[in-house]
Amino acid sequence: MATRRSGPRFGHRIKIGLGAAIVLGAVLMAILAPLLAPHDPYRQDLLARLQPPVWAEQGAWKHPLGTDNYGRDLLSRLIYGSRLSIMVGVSAALLSAVLGSVLGMLAGYKGGWLQQVIMRFADAHLAFPEILLAILIVAAVGGSALNLILVLGVSGWMVYARVMYNLTRAVRERPFIEAAVSHGASDAYILARHVFPQLVPVLTVVCTLQVAQMILQETALSFLGLGLPPPTATWGNMLAEGRDRLWVAPWIANFAGLAIILVVWGINMLGNGLREHLDPKAKERR
Amino acid sequence: MAETLVDIAGLEKHFAVAGGGWFSRRKLAVRAVDGVDLAIRRGETLGLVGESGCGKSTLGRLILRLVRPSAGAIRFGGVDIATLEGAALRAVRRRAQMIFQDPYGSLNPRMRVADLVTEPLRIAGRPPAAGYRAHAESLLQSVGLDAQHAERYAHEFSGGQRQRIGIARALALEPELVVADEPVSALDVSIRAQVINLMQDLQARHRLTYLFISHDLGVVHHIADRVAVMYLGRIVELAPKRALYATPRHPYTQSLLAAIPAATPALRGRRVALGGDPPSPLAPPPGCRFHTRCPHAIERCRREDPPLQAAGEGHSVACLRADEIGPIAIPLIQPGGRAGR
Amino acid sequence: MIRHILSRLLTVPITLLLVALVAFVILRLTGDPVEIYLDINATEEQRQLLTAKLHLDEPVLVQFGLFLGEVLRGDFGESLQFGGPAMPVVLERLGATLQLVAAALTLAVVLGVIGGIVAALRKDRFADFAISGLAVAGQSMPSFWLGILLIQLFALHLKWLPTSGTGGLEHLVLPTVTLATFLLPNFILITRTAVLETINELYVTTARAKGAGEAVVVLRHVLPNAINPVLSFLGLQTGRLMGGSIITEAIFAWPGVGSLMVKSIFQRDVPIVIAAIFVVAVAIVIANLIVDLLQSAVDPRIRLD
Amino acid sequence: MALLEVEGLRTVFPSQEGEVSAVEGASFSLSEGEVLGLVGESGSGKSVTAFSLMRLVQAPGRIAAGSVRFEGRDLLSLDEREMRKLRGRRMSMIFQEPLSSLNPVWTVGQQVMEPMLLHGGVTRREARERALAMLARVGIADAARRFNDYPHQLSGGLRQRVMIALALVCEPKLLIADEPTSALDVTIQAQILELLRDLQRELGMAILMITHDLGVVAEIADRVNVMYAGRIVESAPVETLFRAPAHPYSAGLLQSVPDMGEERERLPTIRGIVPRPGEMPPGCAFAPRCPYADAACTVAPPPVHTLTDDHAAACVRPLGAHG
């Protein structure tokens, strides 16, 4: 029974700080892409095909991370690729957050047939692979940034609906809701003043973590050739292109993979840190 | 006799049991309140006692119309509110307020105390003459809290202080009736007395009517003018306090009083414990609901459902054999009084 | 319990109906089937004949009804690539997918549950930080890149394992590991949380107060109660697992339903795609029913409701 | 010789301000077959005391000082394996919430058999027979049928009976009962208290009855320890405590219980609130609320004043001591 400085008490601060730093860096990179990228990401240079990164034997500072099969500068493509991945990820996560939270809150607060319909639908949808649905729809309507946002946004709603539903039901049972009813408050007032504010922390956490999921899904679609059509610079496209050159130029795939894992990991750290920070149980222990 | 504030007749509330499923043919219902007639007089404190699951909390919520009755009438100040809906219902709710059992859960943790206690006024759209902030401070002072406390959040207070905040909030709308649902059960013994005294002071100052719901017969004895005893959705005995404690007529009331732990060691183990558990309110027994546990039950009790009948001045009891059994005095205190100085 | 299972069974047709609706919408979105089936030189007469044969001249609702009828009969139309009916082609590939999914699921559940328990029991110590940290990193890992990394390391550099295709057990290793990492991190974290929540329950203290040792406490009292949230999660993850198998099969050219589906999408072979969707949906539904049964076997409160 | 002797027990929990004592220097003893009430309000340290005796304090809490001698052995120096042999066999514990203290996935019978099987020496058949007999002994009417029921199928009163059965099935010398009737209705509470009283007499065991309810103490205890803010402030035979409490806190507690014998306009109260852990006043923890406190009370924790052989109070000037 040795005394231990309880680690997690400060752990969440580190996670939030580290995660936020990575996320901030990625966002800045996306915004400042034209200033940061050394080359035009789409300019082909067939004489400089498949050049390795600068630290390899034949590498040169002209292309710090080397070039791809068409001689395009990888660093520039990586920097520009962040724009689409982040924009699609954030927009899709926000779209599904709005859809899912409204439906989940309604189902949880109103109950009855509305709840039955919404939640049965969510369960059925949750059982169906979301990536499969996205594949099918993109295959049918074609990949554009807007289509990707819509498809991923719509196919992610039930995650929020489930969480918000359960939470709303729990909040609904809390005595201060009954207190508000006894003061003569209307449903709209109670939802806005008493229910929604209780949901915000969890919504923030889920939304953060979903951005990471959406980025992964977008890159997965691109990887399968169902994302934005080439030559658009996206991390998923770069991975897919790199896969065919693994023997001769493994760096093409690996830099894209590293970029994805770093950003997604940063977002996950931020989300988990926020969850620990906002967890009421953890708070009581402090 | 004082004016009647609340008049309840034939009140029933049956809750359909969730999870009965689409495939079950019989629909189950908890008969939480199952035929209650009761009048609350203006200015009195009516104690409502019974064990968990007897329906006393549901009855309190029916009177505030926080739940919708399945049948029966609730006349509040002469108007039947049993079937009101929408804005009319919300207006009526403001005339009666509730003090909750759980001082932790009944205060929104994200609101400051000043906003908590004045929220009923905001909802009602009745800004106080002095402004919300000043009014919040005077409400807090009236329940014995500091005006500076208005800026804080509920979790910064102890249980007793939170219950004071809850009381201040209930009084914000100057209600005629206050339903107090186990207001001191969650509090420590030394804090309980403070809150009970406060409730009595406020009653005198604001001429409040209390429906005081509790499982604690000791607390009810101190605060109530009249006492109603509930068992499985029914009121089985109703009497002025002194009569109920000195000459209980219903065998259930007698058993309840007998089951209270001794006030002093000298009285220990003198009484017979009531056997068995209360039956499920899903399927109350036929006849008298208490017959499965009643030491005096006879064949007739299994068949006939006894009505609540007069049994003395202001005293009524629902028992077929009340006259045969007669009042039984339960020794509640040691002769010669108690300790302390 | 029977009632519980029956009410769960009732959601099956709802799920499948929704899937049918999605499939039908996609079918219509992909363009005019007449254009796909006939080549450019077809005559107007041929077009009209096919239009009538495919009931494309009927109202949409009728078309959907006819489509449902075909689905119920297992008739998904003729494959463009393979010539014959679509369903048998898909079913032929099902074995390979099931083999991959079963192997990955076993790996993920075994490692996930063990890892989660160890992390929970060593909470806030090194083992917990290591396991939980790896799990969060694993959640952030795009599995297709993991597949590529594994190929580079084990196939290209070390030359221990083949890069793709089927054959002996050695072909199964990399796809299994890749697919398992879709689930493993979540399993670890969910198990850890479930064990931590259970271990503070009063009945665990009761077990200790009886004189039970740590092994008895964990195996007899904590685990049977902690396993239920893990099972619920497993039910929710079957869809994710099937989705993951599509990507994994694409990376390793694994001849399963997933790679068939992706290939058919590019070939515009709609009957195969629709048939594959239904096979996947039915597999998910069956998996969920099995999870339900397992849950009620573990927890008497579900069994005896 | 005393069955249980506790000396200077101190149990601490970490907090942001450093370690906070939940129990501070508790000393008491319990003879064989004696029922000792441990009374206090929430946060007084009475439950932590109980868990400390079983060495079941949940981490990160820990026992920081003191000794616990049970049947002559110092429990705090035993290794965990030796300690396990005592739990459930020589000393048992029951809790406030009978539903959450029973494992939901095992039948009642399995749970009552478990202590016997854990401690060995019986076959499954013997364990089964003894479990059945014990279930019948705690007043479960159709024990054979209930044996295969799960906890959620029983009422609250039956669950607590099952809990008592599994605690007593190995016939321990000491039962630690942590608020065993507080979650129950008053008529069921009376049944359980009567059952505990009967079993205590029959098995000759000692009971440490932890409760906030003075009525429970009056019903069952031989002696009482009153706890306040982690310390034992008074120790007395039960009749003495109710007749002539010496510590102002005990007296205030007794008076603030509504009395059904007399009608009073107002209830006597103890002013103020219990200090939070970590914000303990330097002197007597009760001084800020005490009607008799003066400067002397705020300097140092008060010494234990022995009034008679069996009556002591931790107070600078105990009530009744000066006439």
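In this document, chain identifiers A, B, C and D correspond to the written order of the chains, with residue numbering beginning at 1 in each.
Definition applied: a contact is a pair of C-beta atoms (placed from the backbone, for glycine too) under 8 Å apart; a residue touches a chain by one contact, two chains touch by 3 or more.
Keep in mind it's a predicted model, so treat the numbers as computed, not measured.
A.B. asks: So which chains are sitting against chain A and chain D at once?
C.D. replies: B, C
A.B. asks: Determine which of the two chain pairs, C-D or A-C, is joined by the larger number of C-beta pairs in contact.
C.D. replies: Of the two interfaces, C-D and A-C, more C-beta pairs touch across A-C.
A.B. asks: Quick one: report the Å distance separating chain A from chain B, using the average Cα coordinate of each chain.
C.D. replies: Result: the chain centres lie 51 Å from each other.
A.B. asks: Quick check: how many Å separate the C-alpha centres of chain A and chain C?
C.D. replies: Between these chains, centre-to-centre, one finds 21 Å.
A.B. asks: In chain A, what residues contact two or more other chains?
C.D. replies: 4, 6
A.B. asks: Enumerate the residues of chain D that touch no fewer than two other chains.
C.D. replies: none
A.B. asks: For chain C, jot down the residues that touch at least 2 other chains.
C.D. replies: Counting only residues that touch two or more other chains, chain C contributes none.
A.B. asks: In the complex formed with chain D, which residues of chain C make contact?
C.D. replies: 200-203, 205-213, 216, 220-221, 224-225, 298-301, 304
A.B. asks: Spell out the part of chain A that touches chain C in their complex, as residue ranges.
C.D. replies: 4, 6-8, 120-121, 123-133, 135-137, 139-141, 212, 216, 219-220, 223-226, 239, 242-243, 246-247, 250, 253-254, 256-257, 260-261, 264-265, 267-269, 272
A.B. asks: Which residues of chain C touch chain A once you look at their complex with the stated criterion?
C.D. replies: Within the complex, chain C touches chain A at residues 11, 14-15, 18-19, 22, 26, 29-30, 124, 129, 136-137, 139-145, 148-149, 151-152, 156, 236, 238-240, 242-244, 246-247, 250-251, 261-262, 265-266, 273, 277, 280-281, 284-285, 288.
A.B. asks: Using the touch definition up top, name the residues of chain B that touch chain A in the complex.
C.D. replies: So the residues of chain B in touch with chain A come to 64, 66, 90-91, 93-94, 97-98, 100-102, 105-108, 110, 119-120, 123-124, 166, 169, 173.
A.B. asks: Hey, which residues of chain A end up touching chain B in the complex?
C.D. replies: 174-176, 178-186, 189, 194, 197-198
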